[in-house]
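Here chain A shows up in two complexes: once beside chain B, once beside chain C.
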Partner chain A sequence: MSCINVSNQKELEEIAEKLGKLVNSGDVICMVGDLGAGKTTFIQALAIGLGVKDYVTSPTFTLINEYEGRIPLYHFDVYRINHIDEMENLGYEEYFYGDGVCAIEWADLIKDILPYDYLWIEIKITGAESRQICFIGTNDYYREIAGELLEK
Partner chain B sequence: MITNFKQEDIITLAIETSCDETSASILKNGREVLSNIINSQIEQHKKFGGVVPEVASRRHIENINDVIEEALTVADVSFADLTHVGVTHGPGLVGALLVGLSAAKAIAFAREIPLNGVNHIEGHIYANFIEHKQLGPPFISLVVSGGHTHLVYMEDYGKYEVLGRTRDDAAGEAFDKIARALGLGYPGGPQIDRIAKEGNPDAIVFPKAYLEEGSYDFSFSGLKSAVLNYLNTQKMKGLDISTADVAAGFQKAIVDILIEKTIKCALEKGANRVVLAGGVAANSSLREQLRTECEKNNIDLKYPPLHLCTDNAAMIGCLAYYNYIRGLRSSLDLNAISNLKMGDNY
Partner chain C sequence: MKLLAIDTSSLTATVALLDGDRLIGEYTLNHKMNHSQKLMPMIEELLNSCNTKPGEIDVFAVSLGPGSFTGLRIGIATMAAMAQALDKNVVGVPTLEALAYNLFNIKGLICPIIDAQKDLVYTALYQWTDGNMVEIMEQQVIKIDKLISMLKEKSEKIFFIGDALERFSSNLEDGLGQQFAVPPFKFLIPSASSVAGVARIKLEKGIKTDIIPIYMRKSEAEVQYEKRMKGSE
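Right after this comes the complex of A and B.
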């Protein structure tokens, strides 16, 4: 695991926007962190990097929001999922193995059905504004992306 | 025919299953509600602290036929009396929407009567037309619910200009999340409304996001983080937390910003009427303070009665009726659209 400390929201957004420029079709980004850590904020900035023009709002209500960017963005919030079976009803496979980028909030809740490879991002609250962002890439491709994000 | 209707009367069966509630309603000529049956799943969801999609769609399937049957019985109407079907086809949970949509399509097909698929958020505004018989556009509407926060200029029937909307969390969603953090249960709005009455709204001042000058958009995620930060800090310092004061301060921050932007928007548009809609329109603090501010500015305020604020099929039927008389029809291949935008008609 490699981590970076940011002292405010702007620095977090810069990293996320950079990630939005690096990702490719079929990529899966897993986001974890407490309520209020900045998962949605991170994905909003990632969407800007992807060229999404629409507002990226919290998908807590609809569970999945889709956006058009350079490549499609599928924004998941699985906080309310109680059982993996419920993901099947959402047709998650079409998204996970589709052409867009999947960004999944609370991915730790659905670990059993995640694809084999993904970029795991954990945001830890270290202060009112400051955060620690940690990356785990499961293969060389994702590890390379993580490496680029750590360069200031 | 059981009830006596005139030949030209339009008898609508409306169905709503976008989120928690399975609801069916019978309306005569759009504004007269003959029945409005709501089978709520809130008890079911309380255990989980929010809407559970799988539970939602399964319960809708179990409920839908009984709810439609009851709507017909209470209205004293048979399938043969129906001349029109209206249904919510978005936005909402796709699995939940599909249950109501399939039932509506089946009935429209079997009875060979027209179908209108409508937008749930627009439906909330039309709840006002049921209550206030003379009300019509133009006006500014603030639609606030668990999934939506929209500031809309409704120029005419079917003609909307979305002036502002949330950029992150919906107002009702912020209520739910903070209620959960305070251990108050689901749905969060009524719980916070209740306990805030015992608290001092000025004891803790939470930040309000006004966004850039002239913007009518909303942002509640910063406020949510500020409340969570406050709770964490107090806990780490071992200090007491007054749940009532936190609830009151949080509610004030949301209500103040909703009202300020609504009034400013009405004045700028030269609209002398504001119409409140959606589940959060049930919030007593929002109603009272908005009434005061509207009176100050000579603006007429309308809001629906409590039972029409939350999700219900009558409002969907009213909207479907107006779309129908404007000549709109939906085809039987109509689909559920989770992120349906206002003004999109199918």
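Right after this comes the complex of A and C.
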């Protein structure tokens, strides 16, 4: 695991936007962190990096929003998932193994059905504005991306 | 008799059209999982290229799983809908059987392995005897290590096919040594013409199948959920 400290929202967004420029078709980004940590903010900035023109909002009630960018962005928020059936009814496999980038908020709630490889991002609240962002890549590809994000 | 067969149980989307004993067309994509967008255009393209109208199809055949939940639902719903609209029959084929049929009359054992997430695979064991494919180990979901120790007791060469091979080929090779064999790439993925082949055998033998997905197991989360629900009763 590698971590970086940011002192304000702007610094968090810079990292997320950079990630949006680095990701490729088929990538899966898992976001975890407490309410208010900045998961949605992170994905909004990631969307800008991906070239998404629409305004990104949290899909807490719809579970998923799709956006057109350089490659499609599939934004999941699985906070309200009670049963894995709901993911199956959503046809999650076509997203996870499809041709876009999946960004999944509260990914820890659906760990059983995540693909083998993904980039795991945890945002920790360290102060009113400051955050610690930690990255775990499950394979070399994601570890390399994490490495690039840590470079200033 | 014209038969349209499909398999969307994995990443592979495959569609085939049979006219009597002749395979007149087969279309396979093994790229990304977007069957909901690709399957109908593939069927349309295949039928148009073979100058066949949907109404001319006598029987539909579909791979029932196990495999991707999403893929199975798309495939089965599509075939069931076409058959119902045209008032024709659907034949269901277990995916493991269709995969094994890729290796027609091969010497040795055939072990299809389908990804069941984590260290699990959907599998069965087949052997060709006098031109018939016999299931010598029932279809099941099993840990890869347990499968390897069961297969070690056999003496024959074992041919592995299916999408879990990518993940477990080194485990299998280490565990089974000389017994381990992998056929060339074209035999490794589902093929709708194999689904059609097994469907024809079932038709000839008059074997009826329910057209429901073979999920084979509850996902771990479902099991946990049910435990929780039972506990709170």
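The definition used in the following text is that the second predicted complex is superposed on the first by the 152 of 152 C-alpha atoms of A that agree within 3 Å, B and C clash if a C-alpha of one lies under 4 Å from a C-alpha of the other, contacts with A are read in each partner's own complex, and residues count from 1 in each chain.
Assume a contact is a pair of C-beta atoms (placed from the backbone, for glycine too) under 8 Å apart; a residue touches a chain by one contact, two chains touch by 3 or more.
Since this is a predicted model, take the numbers as computed values, not measurements.
Considered on the superposed chain A, chain B and chain C are sterically compatible, since they fit side by side.
Of the two partner chains, neither chain B nor chain C is touched by A:Glu148. Taking Cα centres throughout, chain A sits at the apex of an angle toward chain B and chain C that amounts to 90 degrees, reported as a multiple of 10.
In the superposition on chain A, contact is made by A:His83 with both chain B and chain C.
When both complexes are overlaid on chain A, the residue A:Ile113 reaches chain C alone and has no touch with chain B.
The partner of chain A that touches more of its residues, comparing chain B with chain C, is B. Contact with chain B, but none with chain C, is seen for A:Tyr55 once the two complexes are overlaid on the shared chain. Look at A:Glu66: by the touch rule set out above, it reaches chain B but stays clear of chain C. When the two complexes are laid on top of each other via chain A, the two nearest Cα atoms from chain B and chain C are 13 angstrom apart. Common to the chain B and chain C contact sets on chain A are residues 82-83, 85. Residues 19, 48, 50-54, 57, 91-95, 146-148, 165-170, 173, 177, 181, 217, 221, 224-225, 228-229, 232-233, 338-339 of chain B are the ones touching chain A in the complex. Those residues of chain C whose C-beta lies close enough to touch chain A in the complex are 11, 32-36, 68-71, 73-74, 117, 167, 219-222, 225. Chain contact summary for the complex, chain A toward chain B: residues 34-36, 38, 40-41, 44, 55, 57-58, 60-66, 79-83, 85-86, 89-90, 125, 128.
Those residues of chain A lying in contact with chain C across their complex are 25-26, 82-85, 88, 91-94, 97-99, 110, 112-113, 116.
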